[in-house]
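Working notes, beginning with the structure itself.
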Amino acid sequence: MLDFLGLVVFAIFTIMIVGAGLGVVLANRVTTSALLMAFTFLNMAGMFVLLGAETIAAFQVLIYVGAITVLILYGVMFTPQTPRAYGLFFQKQTPWGAVLAALAALPVIVVAFSFHDAKTVAPPGGDLNALAIAVFNSFAFPFEVASVLLLAAMVGAIVLVKRESPAAPPAAPLRRSEPPR
Amino acid sequence: MPLAAFIAVSAALFFIGVAGVLVRRNAVVILMSVELMLNATNLAFVAFSRRLGVAGERGSVFVVFIFVVAAAEVAVGLAIILAAYRNRPTVDVDQLDEMKG
Amino acid sequence: MSVDVVGLVWLVPGIPLAAAIVNGLFGRRWLHRTTGVIASVALGLSAALGLAIFFAVLASGGQPRVVTLYEWIGVGDFRVDTAALVDPLSATMVAVVAGISFLIHIFSIGYMEHDRGIHRFFTWLPLFVFFMLTLVLADNYLLMFVGWEGVGLCSYLLIGFWFEKPAPYTAANKAFWMNRIGDWGFTIGTILTFLTFGSLNFHEVFDKVAGVAQTQPLTITFIALAFFLGATGKSAQLPLYSWLPDAMEGPTPVSALIHAATMVTAGVYLVARSTPIFADAGSALVVVGIVGAVTALFAATIALVQVDIKRVLAYSTVSQLGYMFLACGVGAPIAAIFHLATHAFFKALLFLGSGSVIHATEEQDMRRMGGLRRKMPITYWTFLLAGGALAAIPPLAGFWSKDEIVGAAFTSGHQILWSVGIGTGLLTAFYTTRMIYLTFHGEPRDHHLYDHAHESPPVMTVPLMLLAAGAVLAGLVLGFPPDAGFIHRFLAGVVSAEAGQQPEAPNYVLIAVLAAVAVVAALIGIGIGYAMYARRRPDPAAVSRAAGPIYTLLVNKYFVDELYDHRIIDGGRALFGAAWAFDAHIIDGIVDRLAWLTALIGSGLRRVQTGVVGNYALSIAAGLLVLIVVYGGYATGMLHR
Amino acid sequence: MPVGPFGLDPLLWAIVRLLIAVVLVVALILNSSLLLIYLERKIQAVMQDRIGPYHTGPFGLLQTFADALKLIAKEDVRAGHTDVAFFIAAPALVFTPMLASYVVLPFAPPLVGADLNIGLLYLATLGSMGVLGIVIAGWASNNKYALVGGLRSAGQLISYEVPGILSLVTAVLVVGSLSMVKITETQTGPLVNLFVLPLAFATYLVSSLAETNRTPFDLPEAESELVAGYLTEYSGMRWGTMLALTEYGNVVVVCSIMTTLWLGGWNGPGVAALPILGVVWFTLKVYALILVFMWVRATLPRLRIDQLMSFCWKILIPTTLLNLAVTAVLLIAFPSTLVPVAIANWILLVAFIVLLPVVQQRRLRQLRKTLRARTAAAGVAS
């Protein structure tokens, strides 16, 4: 019975993920795309919970919904989106791209179903301990490297976005102190 | 749950992301599509890591690293988009063709 | 406790190099005039060590020793080390070079004091010393070539030291190009040596010379001639001499060090070092002797009429170098080295004396000087001693060495060369007298110049006095008694044509007669000079009018420069023009066509680069598809490896 | 066929249980929010020497209920050109994560929604989700004040999440678990974590003030400059949900986290005998913290946005990082006792409180100097 419940939940998540993913690509407004992307991420977190990876799911929400989506929304708001016809939201190569993506997807999905015998087994007691031990023992060095990568990305992003500091001082308080001419 | 189902969902989302990169004009949406692709691989990693159930969390560790990479990528990617937008007020990738041969 | 002084030989060139590096890196910003002190201290250390090595070699009875620093090139059997050969010859050269360099560095502190480029000067001068010491210490031809080229480079840099003016840099270029021709000879000689002997190491080559000379006498002759071509370039012999007088455009200490005492003697050193090759080279030795004698006479005649004090000295240097080659040519390399050493002292002294005069008067034209004896007594007296040595007045240094060369020419049976040497000695005495009279005696011809003249500071006069002591005593210390003096015993094992044989007892009667003839010739030259310039009887102007065309010929230096300019250079221009045309039209033409073809293909392919990111992403996805298909093909067995 | 409680089908029971829990929690939040608003108004009044609400009901107790009824009854107003779907979705996006937080709050030993072993991480995750709703609300309102308020809020929340989570991690290092129940169970005696990690408590208190948009960090809804921030265009029950319910619900959540981590949760005299008594202790501790929040609101003025951000990035984050490093090193060095950690933390707390004004003074002086230099340069230029 619980298996059946799990299947139902899985089906719901699948529909949500695929539907929202398609929505990200097809929506004619960038904000909609961003929100649908966040929705996809949330459902993906649900998938992780189904797989018994609650920690990963928590990180998923924390990072993707809490940070990445907000960052992308910032990006949307700082680059004004000009309204225009729906068709112009797509590139000229759209037919080619769609066909190519579909062609590549077909064999992969076929291969994916070749795993039909394998079962997934959720570990007892959650994945927190196992994940922590793996990260801080076997993968301690890559973990440190990843932190350096994040630092580099942070510095890089700041440098890229920073404007040249304007040489001109703030005008308003000055004008007041100047004698009228 | 069968592994195949998770892998299939992962593949579907991945190729939705591929299609998004290939068909959309808006650079921000392309960035989102890339994030979808990364997330699809996350699902595949976790699913494969659950295949035996007890074999540690090797697959999930990679997911953690993908989180790191994704966060870094979005930060730098958005910075690049904003910098490009400042030079040339458009976020349409097919108008940013200064590299044309 | 005993220190292995010879093992430290690499420090002798190393210290000047360090000084050059320090001055070069920090001179402009921070050191300025301190560079002179640094360079002088370094040279002092180097000279002290050089003398210590000289005495160490002396104490060890002249045993040659190789001090290897590291392996430089090792390809198969071919092996060249960065190694120093310490034997009496190189020890003598090191002592002379380092010692005179030290004195000239001290002199330069005073001479260059007011020059803006003093840090450059004191970067290049120690660098020159480093290369010169490398040249004399090298134990193989390749390392010697490094020093050879290095001194050429430093010579170029220092001749063109005042590059803001056109004359110095033109002279620098001329020196460089003429040296190139000589270096080409050296290169040919080195390559031939390697091909013939399979080695470049002095000892290995010299061990094989006798055997090879039996089978391939022509090759040996050719190698010797190639090396001699290199020597004529560096030592300013006919036909490559004309750069040296022009090189006087550089600062006077440079003229003293490089263009009188050390670098120009490198050719002599090369010939002396290669004595085993030249001894078996047959007719090449005759060529060396003839070229030396002709150059000596030729340069001396030009020196008769020059009015620039440094040019007189320059032609005198060429002439004296001719004597040295004459000595090599008549089979008396020891006499050549002997003369090299004494000449280094008195010619450096002459140049420094003239530098002192130039420093005081800022004038080089002797016609505007005169009477400076009273203003600059130290300079005058030291200059007089050096002039006497140059004119071969006994018992000054020049007498012993030059007399030995002339005597060797006579005893070896070359009477013609001997008479040329005697004639040149007469001319030398004459122009030396003329130079001294015009500069220091008589009434001041330019009172403005005279009034401003002053004796140089001690930093300049002390080196003058030390060199004067050398110019007086070097001949006696090194070369008495004639043909059997200290230097002969010291060098006999290294550069004597027949090494190891006991030299015959010299015939002192013959030597005395020959010396008397030479001294009489010199006194006649001095007498004529005194008559013409002190007594005005006959008047020099009248003599030059009477000589007419000969005078014109001499003043214009036999029109050699014009000959080079118009004949050789024009011929060269035509050849080079043809080569350029071939290069421009045939070689470049092929390259241009290839480039055009590439551009054509590229302009077709550039359409692929749309600049649209989406297209690139599409191609990446296409690549992904190909990967999937290929991988799937292998995985399902439809494709086979 | 397994049978659940009350003879129901387990599948059905799961759904029914979910419904009951949601209704209970919503009711709890609604009532506690109303009570908190009343309390806030009363306490502010007392502190400002006023009377506060007193008309409706005894001591004005029914005032907030009347307000709530008024809000529900109000017309649903939307400004022109708002983005309808997002405008409606935003309050839900803000409210839902807050609601979901109550699942793991340990009110009493028998009264825990779910004892997740990642409980604290779960709470942090939900805390970060609220940002999304606020940004969307600001964007959908089609109003400059709202947009600026939303962006400010997003920046503020994302920034203050960092010191908040770092403080939590420091505490987790000491207790060694992420499960809220286990964390509570480690602090049965009177020596709760507050005495071990006072600096972490202080930094978390500050950052939770910012995360709940309370004074002195209520920049997103700064009346004097932004009207009401991202709430400008909202009215009626949407406004009520966004502001009243969510804000006060979040205050309860962060205070519960602090109670659990630092004040010993439900532990208190008599809990061992009568577990349900834990609710009383828990609630008392939470309300004590909430009183601190209200006290702060009545006392401190609002910061400027640049002061807010630079305080977070230049002072709070370095402090928490230092605290985390020191705690981690001391825990590894002395695995059996917490005394060195406690000593170090108290020293750090004192140093923080003493040095903070000094540092701020220096920064202020430098700021004034650069401003003067700029003014002088501008004077020369003009």
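Labels A, B, C and D are assigned to the chains in the order they are written; within every chain, residues are numbered from 1.
As a working rule, contacts are C-beta pairs under 8 Å (C-beta built on N, C-alpha and C of every residue); 3 or more make two chains touch, one makes a residue touch a chain.
For clarity, every value in this text was computed on a predicted model and none was experimentally measured.
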Which is the least count of steps on a path of touching chains running from subunit C to subunit D? 2
Centre to centre, by mean C-alpha position, how many angstrom separate subunit B and subunit D? 32
Centre distance in Å when subunit B and subunit C are each reduced to the mean of their C-alpha atoms: 73
If you average the Cα atoms of subunit A and of subunit C to get two centres, how far apart are those centres in Å? 77
If you average the CA atoms of subunit A and of subunit D, how many Å lie between those two points? 26
Shared-contact residues (touching 2 or more other chains) in subunit D: none
Which residue numbers or ranges of subunit C touch two or more of the other chains? 612, 614, 617-618, 621, 624
So which stretches of subunit B touch two or more other chains? 18, 21-22, 25, 93-94
Pick one for the touching-chains graph, please: line, ring, star, complete, other. other
Which pairs of chains touch each other in this structure? A-B, A-C, A-D, B-C
The answer for subunit A against subunit B in the complex is residues 6-7, 10, 13-14, 17-18, 21-22, 24-25, 30, 33-34, 37, 40-41, 44, 47-48, 50-53, 55-56, 59-60, 63-64, 67-68, 71-72, 74-76, 78-79, 81, 88-94, 96-98, 100-102, 104-105, 108-109, 112-123, 127, 130-131, 133-135, 138-139, 142-143, 146-147, 149-150, 152-154, 156-158, 160-161
Residues of subunit A touching subunit D in their complex? 1-2, 5, 31, 35, 38, 54-55, 58-59, 61-62, 65-67, 69-70, 73-74, 77, 125-126, 128, 168-171, 173-174, 177-178
Show me the residue ranges of subunit C that touch subunit A in the complex, using the header's touch definition. 612, 614-615, 617-618, 621-622, 624-625, 628-629, 632
Can you tell me which positions in subunit B touch subunit C when the two form their complex? 18, 21-22, 25, 30, 93-94, 96-101
So in the complex, the part of subunit B that touches subunit A is made up of which residues? 1-26, 28-29, 31-33, 35-36, 39, 42-43, 46-47, 49-54, 56-58, 60-61, 63-65, 67-76, 78-83, 85, 91, 93-94
